[in-house]
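Each structure below is given as C-alpha cells.
Common to both upcoming complexes is subunit A, partnered first by subunit B, then by subunit C.
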Partner chain A sequence: MAHQDIELMAHLMRRAGFGATYEEVERRAANGYEATVEELLSPMEQPDLDRHLLDRYFVDWKEMNALEVNQAYLTYRMINTQRPLQEKMTLFWHGILCTGNSKCEHGRQIQEQLDMFRVLGMGSLRDLLLELSRDPAMVFYLDNCMSHKDAINENFGRELLELFSMGVGMDGHANYSEDDVKECARAFTGWTITNAIPRYPYGRYASQFAFNAADHDEGEKTFLGETGNFGGEEIIDIIARQPATARFVARHLYNFFVADEPQVPAWQETPPRDPEAIKMLEDAYFESNYNLSAMLRTLFNSDFFKNARFAKVKSPAETVAGTMRLVQDFTHPKPGLHPIAMEIRYMGQDLLNPPTVEGWHTGAEWIDSGTLVERINFTADQIGNTALPGVRAIIDRLSAEGVTEPQAFVDRCLDMVGSYQLPDETRDYLVEHVEKGGQLQTGTDDYGHRVGQTLQLIVATQEYQFA
Partner chain B sequence: MTSTKKDPVLVVLQLSGGNDALNTLVPYGDPLYADNRPTVRVSDEQVLPLNDYVGFNPSMAPLKELYDQGKVAVLQGIGYPNPNRSHFRSMDIWHTCEPDKVGLEGWIGRAIRDVDPQAENVLTGVNFGRGLPRSMAAPQVPVASVGNLETYGVLTGIQDEERDEALELFSRMYSPAVGRGNVVDYLSHTGMDALKGADILATAPGMYSSTVEYGNDTVAQYMRNIAMVHLAGLGTRFLYTTAPYNSFDTHAGELSAHAKLWSDTSRAISTFYQDISEKSASDNVVLLVFTEFGRRVHDNGSGTDHGSGGVAFVIGDRVKGGLYGEYPSLAADKLLEGDLHFNNDFRGLYSTLLEQWMGLDAKPIVGGAFEQMDFIAA
Partner chain C sequence: MATQTIGITFQYSHTIGRGEFSGPGFRNPVAMARGEDDTMYVVNRSYEYRPDGKRITVCTVDEDYVGEFARGVHTAGETEENENDGSLIWPTAVAIAPQGNVYVADEWLNRISMFDRDGEWLGKWGTKGSGEGELDGPSGMAFDADGNLLVVDSKNHRVQKFTSGGQFISAWGSEGSGEGELGLPWGICVDKDGNVFVADWRNDRVQKFTADGQFLQQFGNGELNRPTSVDTDKDGLVYVADWGNEQVRIYSPEGELLTSLVGDATISKWGKDKLDANSEMWQEREIAQGIEREKLFWGAVAVEVDDEDRLFVVESCRNRIQIYRKQQPMFFGGRL
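For the complex of A and B:
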C-alpha cells in the first residue's frame, strides 16, 4: 500500500467521519478512495446501531429527556456508527439548522430533529428545509407556533432566510429585503404544533406538527420578486432555486469539510477563500436538483479537498469522538459514558444546546487557554492508556514491525494516529526525546510505555489540534 | 501586583439551578407565604429572623452570623424584565447582560479586559470548575479554568520526572516560530498562556496553610482553592466558581435538599471569610452570590418549579450589611404568571460592583446605565 494512499484515506475519514484506526484506514485504502467515498455516501447500506440493545443497557435512553442523556447518546453514536458520513452530516446540520435545549419542550424533541437530519441530511435541500419548517422542535424554538394570521412572528421566517438557506448577502449585496422576511413569515402562518400529551402518567412525548388552516394567511404575497398565494412549501421552492442558497450551502460545506472559513456573518462582504471550489459545489447543487450527496461527491473527489490537509481546527465533538474511535473504547455499552460526553461540553461545545441559533463559531474560536488544556489533557490521558484496545493494537503493530530506530519510531507513531505531519523542529524534539530514553526493545513493557508516551506528546502538539 | 495598596478583588459564587428565594429569605411575616407553601414551607419558629417580616432559612446560620456582623447585603427582588424560565437562557442573560439578544461576551470577561487590556497577567481571572462559564468568556481574554487546583496543569496524566520532561518539550514545541501561520501562532500563544498560568497556580497550594477546616462539598473545596489563589498574591482580581450543575433545581424533595445546599454553602462562605480574615486578606475581597432565577411562589407538593424574581447576596468587610430593595409582593394580583415580580435589575447590582468596588466604568460592560445601590462602604 502506497504511503500516500494511507495518508489520503486518513484525511478522508477524519473529515467525512470521526477518524479511523490505522487498520481501518489500511482496509479502506485497499478498497480504493472513490469506492470508499461511494460507501460513505450510501449510509443505508451499512447497519444502524442496535437501539434495542442500547436501550436495555442505558435505561434513561428510553425517555431521552435530560440534556446530558441526549449528549451521551449522540456521543455513543459518533463513536460507534458504521455510517460515519451520515452522522457527520447530522452534526453539520445540527450546527446550522440550530435548535437548542435552552428553549425546547424536552430533550427527545431535539433528538427527533437529529433523526430527521439522519434521514434527510444527505438528500434534497428542498426536502430538508421543508421538513425543518414542520419540525416540532424548530416550530417551538423559533416561535412559529406564535405566528398568527393577524399577528405574524418573524422569528422563523427571518432565520430561515438568514441562517438556514441564503444568508444575509453575498458578493457585497443583500440577498433579500425586510419585506421578503415578512412575506416569508406570512406564508408560514398556521404551521404550528399540537399540544404535547401531558407528562403524567406515561412520561414525555414529543409534540407533532399541525397545519392550522384557519390561522394561515391566504392572501397574496410577493417574495424574492415572485407573486402568488404562497404557502410555506412554495416559499421553500423559491428559496431552493436561489443562487444565494447554492452559495450559502457550498460555503458551509467547505467550512465544515475542507478548510476553516471566516464566521458566517462575514460572508456578505468576505469572498470565499477558494471561489473555484465554491463554484464547483454550486454547479453540483443545481445539476443534481439540490442534492447534498451530489455536492459531497464532488467535494470529496476534488483536488481542493484532497489537498486541504490539516486546514481545520477540530471541533470538540470531533476531538472526543475521534479519540475514542482511535483508542477503541466504548465500542460496547458500559458505565462511564457520561463523563466522556461531558468532555465535549468542557471543550466548549454543549451539543444539543448551541449558544445561539447561529450555532457555534468554529475554527480557531474553539480554542482558549481553558479549552486547550481540556483538549490536550483528555486526549493525552486516553492515548497514553496502554490498556485500551486501540492503543494496545498500535503497540503490537509497531512491535511486530520491529520499529526501534528513534526516527522511524516517531514517524510510525505519527502514522498510527492519522498520518500526522510535524514541522521538522518539533519532530526533532520528539526524536531526541525518544533517544534520551535509551535503546528501544520490542516486546518489553518499556516499549509499550514509550509508545504511549510518544503518542501523548504527539496529541499535545499544535498540529494535532487540526483535522 | 507591586502596588502597596491592595487591589480590589471580586469573587463570584454561582448557585446553578435556580435557588428558591422564598425559602432562602423567608417572608415569614406574610400570611400569603404559608398560603402558597402548604408543604414546601419553612416554619415560623425555625426562621432566623432579620426583622419581623423576613428571615433566613434555618440552615443559613453561618451566613446569619456574618449578617449580624454587618457584612452581608441582601438584594431582594433581583432579576430582569421579561424573565426567562429556562436555566440556560436565564443564566446566559446573567452572564452576558443581554436580555434581548443572545450575547457571546461575558460581563467578567469584559471587566478582565478593562483591568488588564494587554493580557499581561494570565491569571487576572481564574475560574474553578470544569468548562468556562460564559460570564468569563471574551475574545483575547486569557482565563484559567481549574478543575482541581492541586492537579491543575497541562499533561497532568503523565507522572513524575516524565512529566517534567514532557512539559519541557511542550514549552519548546509551543514556543513562537516563524512562518507557521496565524492559527498555529494563536495556538502557540494560547498554549504558552495555559502553561504559564498552570506553573504559577501550582505554587499556590504550597504557600497555603490554614487552621480552618472547609467542608468536603464541591463549593467548600472550591472556596478553599479561591482562598489559596487569593492568598498567594498572584494578582488575580476575579475568582469564580459554580455550585454543582443545576443542584439548586429543587423540583422535588426541596425541603431536605435545599437545607443541605444552604448549610454547605453558608458554611463554605463563612469558612472562607474566617480563613482570609485570619491572614488579614479579607479587606479587599467582596463576594457575590447569585442564581439565575427564583422559583414559583406556589409549591408543587414536593418542590417548586422555575420562577423569577430571586435573591442575591454581596458579602465582605467593606460591604454595608442589610436588606436592599423591596421584597416583591406575594399578592396574587402582583405576581407575574405566578412568580415574584423583580423590582431590582441585576445590571444595577453589577454596575455597583464594577464601579464602586472594582473602580471600572460599568456602562460598556453591562450595556447601559442602571440604578446603582449603596452597599459598598466608602
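For the complex of A and C:
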C-alpha cells in the first residue's frame, strides 16, 4: 500500500473522527478513501455502543445526572464509537448550538440534546434548527420560556440568527437587522417547556417541550423581507434558505474540519481564507436542500481538505479522545475514566459546559502555557505507558518489522501515531537521541522502553498539537 | 395502589430513601438485603467521581437510619488504586449469612468482603481469574440453607459455591444461550426448596437450577429485557427486576407471568425531611408538570422478598426503595 494513502487516511480519520490506530488506518486505506468517506457518512450502518452494558457497569450513566457523569459518558463515546463522524458532528454542533451546565436544570437534559445532534446532525440543517428551537435545554438556556407575547425575551431569537444560523454579517454587510431579531423572537413566543420536578428528594427528570398557544404572538411579522403570520417553523424555513446561512455553516465546517479560521465575531469583515472552498460547500448546501452530509461529502472528497494536513490545532476533546484511541485504553467499562474525562476540562474545554453561548474559541486559542503543559503531560504519560494495548501493539509491530536503524525507527514511530511529519531539525534531534541510546535490539525490554520514550518525544513536539 | 392477581394483591406500602452521598439516604443503590429486626443493608454504587457515596447504608424498614460502613475509594487507574480492606470500588451485591454477618461483593476488585452486623470488617477473599474459586465480576450472592454462599461469577458466566469462609465447593455454568448456559448473569436467589434462580442478564431470561446446578426451567423469554435480580417468596412466587423494561415481573412457580409492577412511589420520610428543609421545593412540586413520573420505577435493579411477604424494589436512578406487601384473601367458614 502506498505510503501517501496511509498518510491521507490518517488525516481523514483525525478530522472526520478522533484518530485511529495504525492498523485501522491500514485497513481503511485498503478499502479506499472514497469508500471510507461513504462509510463515515452512513453511521447508522455501524453498530452503536452497547448502552445496556455501559449502564450496567457505569451505574450512574442510566440516570445521567451530574455534569461529570455526562462528561465521562461523552468521553467514552468519543473513545469507542464505531460511528466516528457522527460523534465528531455531535461535538461540532455542541460547540455551536451551545447550551451549558452552568444554566441547566438537569445534566441529562444536555445529554438528550447531544442525542438529538447524533440523530439530526448530519441531516437537514432546517430540521436540526427546528428541533433545536424545541429542545428543552435550549429553551431554558436562552430564556425562551421567559418570552411572552406581551413581553418578548430576545435572547433565543437573537442567538438563533447571530450564533446558530446566519452570523452577524458577511462580505462587509449585516445579515439581519434589530427588527428581524424582534420579529424572530415574536414568532417563537409560546415555545416553552414544562415546569420541572425539583431535585429533592429523588432527583430530576428531563423537562419536555410545550407549545403554549395562549402565549404565542399570532400577529403579522416581517422577517428578512418576508411578511406573514409566522411561527417558529416558518422562521426556520426562511433562515434555511438564506445565502448567509449557507455561508455560516460552510465556514463553520471549514473551520472545524479543514483549517482554523478567524473566530466567528470577525466573519462579517474577514473573508474566508479559501473562498473557493466555501463556495463549493455553499453550493452543496443549496443543491442538497440544506443537507449536511452532502456538504461533508463535498468537503472530504475535495483537494482543499486533502491538502490541509496539520492545519488545525487539536481541541482538548480531540487530544484526549485521540490519545486514548491510539493507546487503546478504556475500550471496555472500567473504573478510572473520570480523571481521563477531566483532562479535557483541564486543557480548556469543559464539555457540556462551554464558557458562553458562543462556545469555545478554537485554533491557537486552545493553547496557553498552562494548557500546553497539560496536553504534553497527559499525552506523554499515556503514550509512554508500554503496558497499554495500543502502545504494546506499536512496539510489537516495529519489533516484527525489525526496525533498528535510528532514522527508520523515528520515522516509523511517527507513522504509528498518525503519519506525523517533523521539521528536519526536530527529526534530527530525535534521531540523535535514539543514537545516543545505543544499538536498538528488537524483542528486548529496552526496545519497548525506547519506543515508548520516542513516542513521548513525538507527542511533546509542537507539530503533534496539530491535527 | 393495589395490583391484584389471582387472589393475591400486591399492595404498595411505602418508599424509603432520598439522594445522599452520606447519612440517611442512598446514592445509586444497586442491591439490598434484609437483616434481623427489620434492618436493611443497602449497597450504594454512587458516581465514580464521588467515591464518598459508595457505602453500605444500614436502616430499618420503617426508615430509621442506623449507620453506614465500607467507604469507597478514588480510582485513578488500576495500578494506583487504594485497595484497603473493606473499601469499595464497584460494589454489586450484599448477602446476610445465617449468623448475621454481612457479605459484600465488589465486581471490580473481584472481592467478597465480610463484615459483622455492625459493619466491622472481618475478612475478604477473591482473586481475579477463571479457575476454580477465582472470580471475574462477582455480581450476585445468596446463601443456601447450609450456610454456603453462591456467587454469580458474571464474566466467567457461571455460579460458584463457597463455604462461608470462602473455600471453593463447586461451580456450574458456561457462556452461551442454551439451557443451563449463561450470558453475563447478574442476580441470584435460593428458594425454600434449595433450588437456585439466576437472572441470566444477557439472555433476557431467568433460569432455575437444582441446588447442585442441574438445569430445571427457564422463563421470561421474550418478556424480560436484561433482568438484573430475582427472588422468591415462601409460596414459590418468583420476583424479577426487569431492568430494561423498568418493571418488576411476578411469576408463578411454574413460570407463568402473574402480574407486573411499574412503581407507586410516594414521598419517603427522609424525603419529607429534605423537602421541609427546602420548603420552596414543596411549592415547585405543586406546579411541576409530569410529576406522576416520580411514582414509576427508574433503574429497578434489585428485588428482595422477606419472610413477612414484603417486596423491596431498589431503584438505582431514584435513590430509593419501594416496598409492597403481598396480601392473600382470607375466607371464613366452610364451602358454600
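To be clear about the criterion, the second predicted complex is superposed on the first by the 460 of 467 C-alpha atoms of A that agree within 3 Å, B and C clash if a C-alpha of one lies under 4 Å from a C-alpha of the other, contacts with A are read in each partner's own complex, and residues count from 1 in each chain.
One rule holds in what follows: a residue touches a chain if its C-beta (ideal position, glycine included) is under 8 Å from a C-beta of that chain, and two chains touch if they have at least 3 such contacts.
Just so it is clear, the structure is predicted and the values come from calculations on it, not from any experiment.
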| item | value |
| --- | --- |
| Subunit B versus subunit C as contact partner of A:298, first or second or both or neither | neither |
| Dominant contact partner of subunit A by residue count, subunit C or subunit B | B |
| Which superposed partner A:315 touches (first subunit B, second subunit C, both, neither) | neither |
| First, second, both or neither for A:367, with subunit B first and subunit C second | first |
| Which of subunit B and subunit C A:465 touches, first, second, both or neither | first |
| Contacts of A:192 with subunit B and subunit C, given as first, second, both or neither | neither |
| First, second, both or neither for A:260, with subunit B first and subunit C second | first |
| Partner chain in contact with A:353 - subunit B first, subunit C second, else both or neither | first |
| First, second, both or neither for A:454, with subunit B first and subunit C second | neither |
| Residue ranges of subunit A in contact with subunit B within the complex | 100-103, 260, 313, 342, 345-348, 353, 355-358, 361, 363-364, 367-374, 376-377, 380-381, 384, 423, 425-426, 429-430, 433, 436, 453, 456-457, 460-463, 465-466 |
| Residues of subunit A touching subunit C in the complex | 52, 56-60, 62-63, 66, 68-69, 72, 194-203, 205, 208, 210, 334-339 |
| Residue ranges of subunit B touching subunit A (in the complex, touch as defined) | 86-89, 92, 102, 104, 122, 127, 130-132, 134, 137, 142-145, 153-158, 162, 165-166, 169-170, 172-174, 177, 180, 182-184, 186-188, 190-191, 193-194, 197-198 |
| Partner subunit A, residues of subunit C touching it in the complex | 17-19, 28, 30, 45-49, 75-78, 81, 89-90, 107-108, 184, 186, 201, 226, 228, 244, 265, 267-268, 270-272, 274-275, 278, 281, 284-285, 287-291, 293-294, 298-299, 301, 316-320 |
